[in-house]
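Chain naming follows the written order as A, B, C and D, and within any one chain the residues start at number 1.
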Amino acid sequence: MREFFFDLTWLIPVFPLLAFAFIVLWANPNRKLSTWAAWAGIGLSWLLGWTIFFLSWGDIHHLTPPEANHPVPLWALPAGSGMLEVGFQVDTLTALMLFMVPFVCLMIFIYSKGYMGYGTEQVDPHYSRFFAYISLFACGMLGLVVSDSLLTLFIFWEIMGLCSYLLIGFWFEKRYPDPERITPKEAGLKAFLTTRVGDVIMLLGILLLFSQVGSLSFVDLFSHDTLHMLAEKTVTLPVLGTMPVATLAALLLFGGAMGKSAQFPLHVWLPDAMEGPTPVSALIHAATMVSAGVYLVARSFPLFAAVHGGTQLAVVAFIGAFTALFASTIAVAQNDIKRGLAYSTISQLGYMIAALGVGAYIAAVFHLITHAFFKALLFLGSGSVIHGVEHGHHEVAHGHDDHGEEAFDANDMMNMGGLWSKMPRTAWTFLIGGGALAGIVPLAGFWSKDEILAHAWHGFQHGHDLGTFWPFFVWLLLTLAALLTAFYTARQVCLTFAGRPRTEAAGHAHESPPSMTWPLMILAFFAATLGLFGTPWANQFHHLIGEAFEATPFDPFVAGLSTALAVGGAAVGWLVYGRKPLAAGDVDPVKRWLGPVHTVLENKYYVDELYRAVFIRPVIWLAHVFFKFDNRWVIDPIVNAVGRAGVSLAKGMGWFDLVVVDGLVNLAGRAGATVSSLSDVVDLRFVDRIVDGVGDLVRAGGRFLRPIQTGRVQNYLLVAVLFTAITLLGLYVMLPVL
Amino acid sequence: MTYAVFILFTLMALCGGVLVVTQRNLVRAATALVLSLFGVAGLYVLLEAGFLAAVQVLVYIGAIAILIIFAIMLTRRMVQGDESGLNRQWGWALVSAVVMFALFCYVVVKAWPLALGAVSAPAVPADSTEALGLALLDWEQYVLPFEIASVLLLSAMVGAVVIAREKHDS
Amino acid sequence: MAELTVLQALGPLSPQLVLLLAALLVLGLDLAWGEKRRGWLPSVALLGLAGTIVATMSLWGRREVLFGGVFVVDPSAVFFQVIAVLATALVILMSIDYFEGRATYTGEFYSLLLVASLAITLMAGSTDLIMVYLSIELLSIVSYVLTGFMREDRRSNEAALKYFLYGAAASATMLYGMSLLYGITGSTNLEEMAAVLGADAGGSMSWVVLAAVMLLLVGFGFKVSAVPFHQWAPDVYEGAPTPFTAFLSVASKAGGFAVLLRFFLTALPDLSVNWVGLIAALSVMTMTVGNLMAIFQKNIKRMLAYSSIAQAGYILIGLVCWRHTLGAYGGGISGVLLYLLAYLFTNLGAFTVVIIVERATGSNEIADYAGLMRRNPWLAAALFVFFLSLVGIPPTAVFVGKLLIFSSAIRLGYYGLAIIGVVNGVISMYYYYGVMRQAFFLPPKEDTPIVASPPLAVALGVTLVMTLGFLVFAQPFIQLASWSTL
Amino acid sequence: MIPLSWYVLVSAALFCIGLFGVLARRNAVAILMAVELMLNAVNVNLVAFWRYGEPQAMAGQVFALIVFTVAAAEAAVGLALFIAIYRSRDTVAVEEIDLMKG
């Protein structure tokens, strides 16, 4: 019975894939059929996923890692004498992910029907396409969790990357009157490019592992002998020096995780990913995309832990803890409800990553699961709010001749307020989600977050592989972040729901349709209760994930402190925003108190701007230099040079003068102009620039070469002959040395 | 004596060659090509490859040179132009040809010394033409290239016809 | 006894014989049938190719030395035969409607295409300089003709002229290198050459060998379009009839690689210090220049030409890592083979889309891909998939090749090559994205839907399925490549 | 007998003359003639190496014969191409044939 279902695991990603294919091939014109196909696909995955989860729950010892992972090869790629097997496996981590991913996806899918306006006048023109894309997205994530090798994992990883591009840019025709504001199309591109940076690093890690081990299957990679070998063997790299292969590989893989899980400094794409439809944000933030990065680190945790006290874990701990605090400070100053949540996601992901860094494996996975539920809830809730306000705005606009259509931003919390009575179901579910995020006892987030803090504190108190500094560092930063988290959550809840409506649109908001509120209520139930499975006294998660990992003892100090901070933070939030809710036109009190600091936070520490100044601007500048150089100097170089070779020396001198001196003068002028224009970096747009800047440089390279392609075949031959002659000459000069 | 003959043929081949690449008038260039090919045929004789020399005279000079002259006639307006026969990059072409020649000389002299003394080589079998024929038909030698060469000629023929035939409009 | 020998020798040669017969048959039927039944000729040619595949199957995994060492049959030769035949079959499918109203003499086109395919199968098994030269020339001469096949088209015959002049000079240069090699080793057979060169302990021959290798590289580099011997390619690709451009970009290139691998790994393995660095340098130049130049192109055939040049650069990394074949985890040579196969499906697929669009719009300008999504979403999606594969995004076909090649580079410590390769992959996204932007985001110039004719649809389907499901469907070839110990 | 290197040097000279012609002549027919010079240079090499190597083994001569064949085929195709191009543009000056570039 159990074996039977386990052997069917590979079907889990296939169902949504079939739904995708079905919608694309047949159902596209029919919205109803598309909806049902997508629902059926993810629904079947959910049923099978939960079957497998509960079967493993019943007999967890059968699944203790790593020997009993039961990878089942579906096909193989023999390469030399090594094998690249492609298959699936079920172990406790997979089973746990199968509990969370398909269920949360299902909720989001159901919610999407209402959100995309099914059956209303405002139905999205690409309604069916949306369901096709999210099905493929779900397929990517589900495939990723059932993979038995890094190769398959990477394949699904990239499928997800692709879908994120398609989905974030789903409203690719959207333009804003404000040219500074990023459009969905640009946001999609930014997400794709930024995560791609991580992916390239990760690919190098995969290649490194493959070249060292000759296999990419988890069982082979994480076997005792392999890990030992990887930890013993060292590589020497320029700049970085000598390090064990395991460390290097782990760091490279972590590069991929940083991109996907939006860790500093690759976090910049995630807030802009809010440009996508809200269900997509929920998918990306909760169930799929960003979890993938944490999942990757959790999955390859044995590799990270292979070298005791190695740099890799310190890096992971630092990046995670720093990101957690960094993002939570930004979240305090965001007025866009979704952006606030986005920074909260980055921060929570930082928790998980930091937890993995200090070895709190169980706590990290636990937090991954609980976070998925309450963050999906919060996103869907915010979507419901936005949906409500937008509809209210439409009603108002109908009465008032469409004035100010463009200027109104339904995402801005300053345009909300007083929605508690208008949207009661959304409101109380959002409150539960917020409570879970803030870590209020006994909601889910409290237990998982507490476990992370307790583990770090324990490491500090009782010693750790990494010494005592890193655990303390992690504990301190995460505790501070917890305070901020509670504060900004309370701020959000109050700004959105408390008081009176600050705009007419908010005043006319209505509760969303049942297909949207039901998923909220179901998720709220889980967000409230899930933590009880991981209480320190009866830690079922520990039991499930594997008793191989050390349990974290309950620490009343940590629990007490974090509870106090959570309640305190929330209380402060309520005092500032809830006791006397803001009225229309009021300035955010925090903004008054913090002054310039608030501006910095509002602008996200100017990281985007920094990137522009440090990476983009120089690239553009170089490109300009290149262009200039090239225009003057290399047009038809060979032909020109040949032509010139015949003319007199005097003429040649004139030519030298013309080209070199003139070129230098121009170059200097250009450089001066560039430096002077460096001051207005801020007005340049990130995405345009990253594409155009890098592109310009690359194009300049191409342009440099292009005049050689004269269209005259004898020029081509001359190039070949000259190359041959020069190479031969060079080789003959060097040959006696060699 | 052999030296004198060698030098004669060499001069024929090289001077012919130089004329081929410098003569503006294509008909003269083609004539020079024939001269050069004769020189090369003479070198074959010196090298005791009589059959190849014969083939050179009959096939090469007979066929290729005629073919080329034929083409010149077809495109004859070129011949009367006033412009130079060389293109704009001839200077670089000269440089690279000279550099290549220098490189080759260096390599050749390093590998095969310029010894003027007693040079000997194994005797050529009396029936070398027959041996050549046998080699081309021998199952263990070059029958495959021989057959492929005929495929090549056939394809070239078909191709040339396809490309060069007058436009036939239906 | 004698007859038996003949049969024994002809057995392993049966794919070539079938191809030759098919070529002659098409030529003969073209003359015999006249205008009316000419439509059947592609089917005859395809039938011949099917026969060739059957004959090739019988050689699966065999190793034979034929004609006293002039020609061999071994897994890698068989692999290249498969590539040649598959490419030819797909190209025939792509050409069926292409020449309508563009050229007469289609019978000759198919016949000569089969001869080109024959030439590639010969290149794959040649182990004697004479055969190497002859088979390269057979391919070249047929290619000149096929490039200039649309005689009334100025671009077509300009392309043919350039191809011819470049090819003639390059092959004469290569031939000079071959003559030097023959002179220094006293043999034209690659194995015997390797023995002589291996015995040359003092390295006294290395001066000549180096010159010869460099000259040979001119010819081989011309065939695989490696920088700086690549410059003919964009012009020729642009001007040639599009189906034949597709053939040049995959099959002809594969043939070049067949010869390159055979020559370097059979004749020169012991001189590796001398040529590996050279190949690595060529590889870096080829990748980088190809990708940089592709960015500028406004004509999709030219863009694909440069992209194809860049791909040759990646493949050359595999040759650099040739030592990786023995006793290790995939890599080098099997990587090259699988890369070429993956590239075959991907690039022929891309060219199929190009042909479909060309037939509908009469243009190859990238600007005319605007709104392709609206005019035929299938085409746009397929092109997207092919481009993903060309970039090397999993799970598409070329990813497999890149994985094998780059991982062997890393294993052998060529970190620089691997990183340059990966970075180049990122650069290449830029110009593929340019086409995708047109296809998906810009409005179409006209609204008429684009329809693919049945043969083109078949070609598109096959290439699409193979590009997406390479890991699954290419299992037998993957197996074959892993046997290759070339 | 004449030393082998003399022949090889003559051949190298002939080859480089041909190379120059290929790179420098304007007229396509002239370029083809220069290519013929290069091929002849190769043949001089092949025959000389055959003579001074092992005259019993005919590899060099066979190779030379094959080169003849290929040269003939190449000339035929080349001239056909020239005629086609001349028809459409009235010129065979290679420099002027640069419709496609960049």
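As a convention for this text, contacts are C-beta pairs under 8 Å (C-beta built on N, C-alpha and C of every residue); 3 or more make two chains touch, one makes a residue touch a chain.
These figures come from a predicted structure and were not determined experimentally.
Enquirer: If you tally contacting C-beta pairs, which comes out ahead, A-B or B-D? Let me know.
Expert: Contact tally favours B-D.
Enquirer: Could you work out how far the Cα centre of chain B sits from that of chain D, in whole Å?
Expert: About 6 Å, centre to centre.
Enquirer: Between chain A and chain B, what is the separation of their C-alpha centroids in Å?
Expert: That gives a centre separation of 67 Å.
Enquirer: Distance between chain B and chain C based on Cα centroids, please, to the nearest Å.
Expert: Taking the mean C-alpha position of each chain, the two centres sit 31 Å apart.
Enquirer: Where the centres are mean C-alpha positions, what is the separation of chain A from chain C, in Å?
Expert: The separation of the two C-alpha centroids amounts to 39 Å.
Enquirer: At least two partner chains per residue is the criterion; list those residues in chain B.
Expert: 87-90, 92-93, 96, 100, 103-104, 108, 112, 141-142, 145, 149, 152, 155-156, 159-160, 163
Enquirer: For chain D, write out the residues touching at least two other chains, lowest number first.
Expert: 8, 15, 18-19, 22-24, 31-32, 48, 54, 62, 66, 70, 73-74, 77, 81-82, 84, 94-95, 97, 99-102
Enquirer: For chain C, give me the residues that contact two or more of the other chains.
Expert: Within chain C, the residues that touch at least two other chains are 130, 134, 137, 141, 144-145, 148, 151-152, 157, 160-162, 165, 169, 173, 180, 183, 207, 211, 234-235, 296.
Enquirer: Which word fits how the chains touch one another: line, ring, star, complete or other?
Expert: It is complete, because no pair of chains fails to touch.
Enquirer: Could you please specify the touching residues of chain A with respect to chain C in the complex?
Expert: Against chain C, chain A makes touches at 75, 77-82, 84, 86, 151, 154-155, 158-159, 162, 172, 185, 196, 200, 203-204, 207-208, 210-212, 214-215, 237, 694-695, 698-699, 701-706, 708-709, 711, 713-717, 719-721, 723-724, 727-728, 731-732, 735, 738.
Enquirer: In their complex, what parts of chain D are in touch with chain B?
Expert: 1-10, 12-21, 23-27, 29-30, 32-34, 36-37, 40, 43-44, 47-48, 50-52, 54-56, 58, 61-62, 64-66, 68-77, 79-84, 86, 90-95
Enquirer: Using the touch rule from the top, collect the residues of chain B that touch chain D in their complex.
Expert: 2-3, 6, 10, 13-14, 17-18, 20-21, 26, 29-30, 33, 36-37, 40, 43-44, 46-49, 51-52, 55-56, 59-60, 63-64, 67-68, 70-72, 74-75, 77-78, 83-90, 92-94, 96-98, 100-101, 104-105, 108-109, 112-116, 119-125, 128, 131-132, 135-136, 141-142, 145, 149, 152-153, 155-157, 159-161, 163-164
Enquirer: Report the residues of chain A in contact with chain B in the complex, numbered from low to high.
Expert: 638-639, 641-643, 645-646, 714-715, 718, 721-722, 724-725, 728-729, 732
Enquirer: In their shared complex, at which residues does chain B touch chain C?
Expert: Interface residues on chain B, with respect to chain C: 103-104, 107-108, 110-112, 138-145, 148-149, 151-152, 155-156, 158-160, 162-163, 167-168, 170.
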